[in-house]
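Shared chain: chain A. Partners: chain B in the first complex, chain C in the second.
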Partner chain A sequence: MAATGRTAPAVLVCGETRTCLLPSFQALDGRAAAQLLRLRADEQVSVSERPNLYALSPELLTGVDCRLPTANGAKVRAVGTVASRAALTEGRVLQASAWFSVPSAGPDTRRPWGHYLVRPGLVEPFGKLPEQATAQGVLRGSSRGELDLGMIAEGLLAQLLRHPLLDHKAPFKSRRTHLRWVARRAPAGEGASLERFTLAEDGLRTVELSLPEETPATAAVGLCEDLALHDWLLTTLVHMLDNSRLGAVDGPSAVLALRPAVDHLLHLWMPQAHVERTLGRLWDVLEREPGFTRQWQTLVQRIRDQLAVQAIPLLHEALSTR
Partner chain B sequence: MIVFAASDKGGTGRSVTSANLAYHRALAGDDVCYLDFDFGSPTAAAVFDVPDARQAAEDRGLHSYLIGEVGEPLRIDVWSDTEHRVLRNRPPGSGRLVLMPGDLSGGEFATGEENLRRCVDLLLRLNGEFDLIVVDLSAGRSYAVDMVLEATSKREMRGVDFRWLVFHRWTRQHVAAAASLVFGKRGIVAGGVARGHDEDALRSVIRFVRAAVPDPESPLWSQVSATQSAWMRECDRDLKQMSSALGIGYTQVLGSVPLEPVLQWREQLITDEDVLDSQIATRETWDALSDLAGRLTDDKYWEQA
Partner chain C sequence: MTEAVFQETTAQPRTQSVPLSHLSLELGHLYMEDFEAGPERLREHFAEVRIWVDAARAAAARRTGGRRPRISTCFLIDDYFTRFSTPAELVPVVLAEAERAGLVIDYLARESGCAVADKIEPAESVMHRLVESPPPGSYGSRPPVSETGWLPNGQRTPTSRSAMGEVTGWQPPQETAARNHSVFMDVELWSEKDGQRLWSCPFLAAVWQLARLGLLRHLGAPVLAPRPWNGGDFPHDWDLLPPLLQLNASAAPFSAYRTCTLMPNRFLAVEDAVRLILDQVDVDSGALRQVAERSAREGAAVPAAVAQRATYVFYEEPTDAVLHGET
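This part shows the complex of A and B:
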């Protein structure tokens, strides 16, 4: 949460990540991914191929001058810039994130835009920041007229979906997930921790983090994108299994309904592939409870077992007609 | 797949029939989204029996979204929010059924680049999420019709499959009006071509649905006099001739929905309970809706005549 200039250090970082399947018949290769995510002419897309194909767009800034969402109805005007970026994993899963950092207090007057532009991703409150109310407000979601991270992330996602590279022939239908997160500053001397992860209705997830002062905001963004990606994979696979009516329907139709999962999802599970090392251990909390990887492996095993069971009669038939 | 439901006149049963189609597809396991683009007279909340949604959508509905007042239009999960006794029990194996209501206060509005972009964004987004998207359009050559014609002509929408259903009642005036809505000088086809649609391609994705069709053979009319019966048959024959002369004959019809008091008066979804238990709706209506729902995506019914 490093601060810049004479502004007080940030005490809170808030963000939202939206995750969806890339609406394209085929997964994009690295070159196409870079083309898709080229949101700015002056900056390159970073593409890494190890341990998996991962493309990250340059950051965009959105100037804001509006009220912060607050859970207690406090009216806090804030001015600054919200940062956003997009990421594409294995040319298949698209994510857009928007986030801002906010210091504990700001000046009572608006400063010239130059002041805000040299502090990308920082939003300054007028007066004192009601930290707790703002964090809860962001997690609950914005009302009309309040700073809406979801709207900024959605706008970026919508812009990407209009790209000519995309044919909108996705191999299967899937829901988006929204992950809202806040990171408070950890008390001096304490390490990073994941305080809470909740699943709400309509694909909404919330994460509360506590991070040391020196952790950059983008590290928190990276962690939350990784959580959002894997949560989306789990959510999507569970939904697919539900819809396939595996176990209720006989014959190969249920298994065939799971074909897209085998083709497009099963190889995407790779927690912490692009998370900063200092934050990687926050994953351990989720691995213990509720056990992300444990659930994923059970689902994958179930699909593979069903495939094997369905293959037996075919094998039998092939052998007997020889 | 997006299905646009249009009609030239009000009272054709467009909203209630298209809502029933959405319901049938959801029952069959598809994830379905129903968009109320009937700006000015949003009725979907009543059809799906979600009265609370009516209030909630006061200023967060599709209208507010399209004019940029809210970032996302309100979504209502019909299975969980409906007050309909039968609908509340979501059957196993059914898909999602989501309603995006129009605003209570939203009327027609002028088309603009921004509204259009939001419309395209919404359709692209829903296309990734739902198997079937039913868009109920205001009657006539309305703003809603123009907007979706324009939206579907955009390059970004090229990969998205869409089809049109034009609803009309089985009367001389309705048949003529429906033909004119589609093929007239200011019709859907002409409007689409003006916006860059290929004429043949657009024609091939438009089918008609005859609503409130009295079947002269139905037991409902078994008590009428011989003269009346003969007259009914003659009218029916005349209408068939007229339809085919106007280019909306048999090959262009996706299906017919019989004259059904429950659809006419209650304007709600017909459930299997209405047919089997209380028997207020007829089996023919249920079957007709079910057939229509199946044909929406059955290419056999959409081949070029």
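This part shows the complex of A and C:
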């Protein structure tokens, strides 16, 4: 990790990613995406056109000096910077992430601010870090006064949603999801692994990773954004099918309800498109169980079948009125 | 690891590097009142500065371990807060007085270049890079600096009314990095008048320091690149003068690992404010890395904190009595 000097290497990386539909009638093209994500006037937005359109903002920093969230109530003060960034996929799905790395121990006094600024995304604990309790605390969510990743990610999202490029005419209704994640350092010699993916209520998902020491924090962020994006797609498509009340309502209105999926969502499924190669295979475990792509394909097939079925009477009608 | 076969240039932003000296030495900063005091004031200024220039050169040489250090000199003229005279009238006087003291000005800069240079707005960019030092208890709420235009070194005195509307007693402000007692400072970064933003002197001076330290970039490209002087006359309008002009063709690079600024002691508060600002700027990471790597390779590793790379000599200002005694 980028941190240099007398700071111990990070043993834990914690983050939160919020994912939502871009509230814009039209999907943004590459140029507009770069405009939206230009969080700093002097820094480039990275725009990728292969294998899909993907724009990534520069990283921002937020200074913090507060307690870390801990599951056992241990009070650990920490100082440093939390990094955040935004990503836009196919000009349609907007994500904001906030994350920080923590070393196993830090000094008992606060250092000059310049020390922290040159270690972007690193938060140093006062004394020893209760690693397990902090990881669990982050996944559970912060109490008042504790380091709040969700608040930082939400703040960035809110800032982006105020951008004049957006007309706030979303083509369909959808819910936001938030994915909290922690990455512990893997024992020496062991590779990266995805230990747990939990689907909780109210759009909350949690992910636990184990990563080798040399894996950069941003690689973990990229993986979790990819997981969050595809989980959001599944969640959104399932909702859409539920709401279309297939079979219960008459044909044309079911078609109308499913149309946005065809227009805006079906082409977005592309796991690992922008995940670092070393972490891409972490997807495999989710493909085996529960089978993310399997579920997606089933849903897509169902929508296509439905549209085909609805088309038959129309075709029939057209032929008979000749 | 093997390199990827497929690459996209827009997906991998690059940071261009700039040539770097060991030391950027600022020989002065000219305001209207200095100019109005006549060439004697300038003469007195350069005579005083000359002594400290020699000291700064010696200090730089000690750092490079006896090898001849690359040192460039610069001079800043304020054309931002007040417009006075013209380059054609003023610059030759400045150069003549410097030469009389045995000094060479390598680079001449206009202060307004820190606000707008070649259609780029360095001050605006630096403003977006401010990351406030969080007072204890900051857990991720948005930093308000971009709204207030003030940057403190700690926690301000709370407003004197509680939530219930009752007046409470005065509470002191608190410096975040205080040792036992606070030296609290709150710096105004800009003011607004008729929708126009006027950057403050310390803020522009912080931008100026970052330029001299080779840490400013715009979309990866260097900002305030020096333009050579063709040796001809200077223009009659400040706007026609390049923001940064290279007067000496054989000068060492403008930007440097470290800066040393020589100025009258009335600027002490301004420069303290500059340090407060520099301490809270999240500098372009690519530029920061380039400077750190190259300085380390040359055996002149820079301090990690940017504000620590800037040093100053504050000298006693010549008084009118001194000036009159001489003439």
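Assume the second predicted complex is superposed on the first by the 319 of 322 C-alpha atoms of A that agree within 3 Å, B and C clash if a C-alpha of one lies under 4 Å from a C-alpha of the other, contacts with A are read in each partner's own complex, and residues count from 1 in each chain.
Here is the rule we use: a contact is a pair of C-beta atoms (placed from the backbone, for glycine too) under 8 Å apart; a residue touches a chain by one contact, two chains touch by 3 or more.
None of these values were measured; they are calculated from a predicted model.
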item: Simultaneous placement of chain C and chain B on chain A, clash or fit; value: fit
item: First (chain B), second (chain C), both or neither touched by A:P112; value: second
item: Chain B versus chain C as contact partner of A:E49, first or second or both or neither; value: second
item: Which superposed partner A:T198 touches (first chain B, second chain C, both, neither); value: neither
item: First, second, both or neither for A:D148, with chain B first and chain C second; value: both
item: Arrangement angle, chain B at one end, chain C at the other, chain A at the vertex (C-alpha, nearest 10°); value: 100
item: Which superposed partner A:A170 touches (first chain B, second chain C, both, neither); value: first
item: Touched partner set for A:V79, first chain B, second chain C, both or neither; value: second
item: Partner chain(s) touched by A:L161 [first = chain B, second = chain C, both, neither]; value: first
item: Winner by number of chain A residues touched, once chain B and chain C are compared; value: C
item: Smallest separation in angstrom, by C-alpha atoms, between chain B and chain C in the superposition; value: 8
item: Common ground on chain A, meaning residues reached by chain C in one complex and by chain B in the other; value: 148, 151, 155
item: Residues on chain B engaged by chain A in the complex (per definition of touch); value: 29, 31, 69-72, 75, 77, 92-93, 95, 120-121, 124-125, 127-131, 155-160
item: Of all residues in chain C, those that touch chain A in their complex; value: 1, 4, 6, 8, 10-13, 120-122, 124-125, 128-129, 131-143, 176-177, 216-220, 223, 279-285, 288, 304-308
item: Sites on chain A touched by chain B in the complex; value: 20-21, 23, 144, 148, 150-151, 154-155, 157-158, 161-162, 164, 166-170, 173-176, 202, 243, 245, 248
item: Chain C-facing residues of chain A, complex; value: 2, 4-5, 39-44, 46-50, 61-67, 77, 79, 81-82, 98, 110, 112-115, 117-118, 120, 142, 145-149, 151-152, 155, 277-278
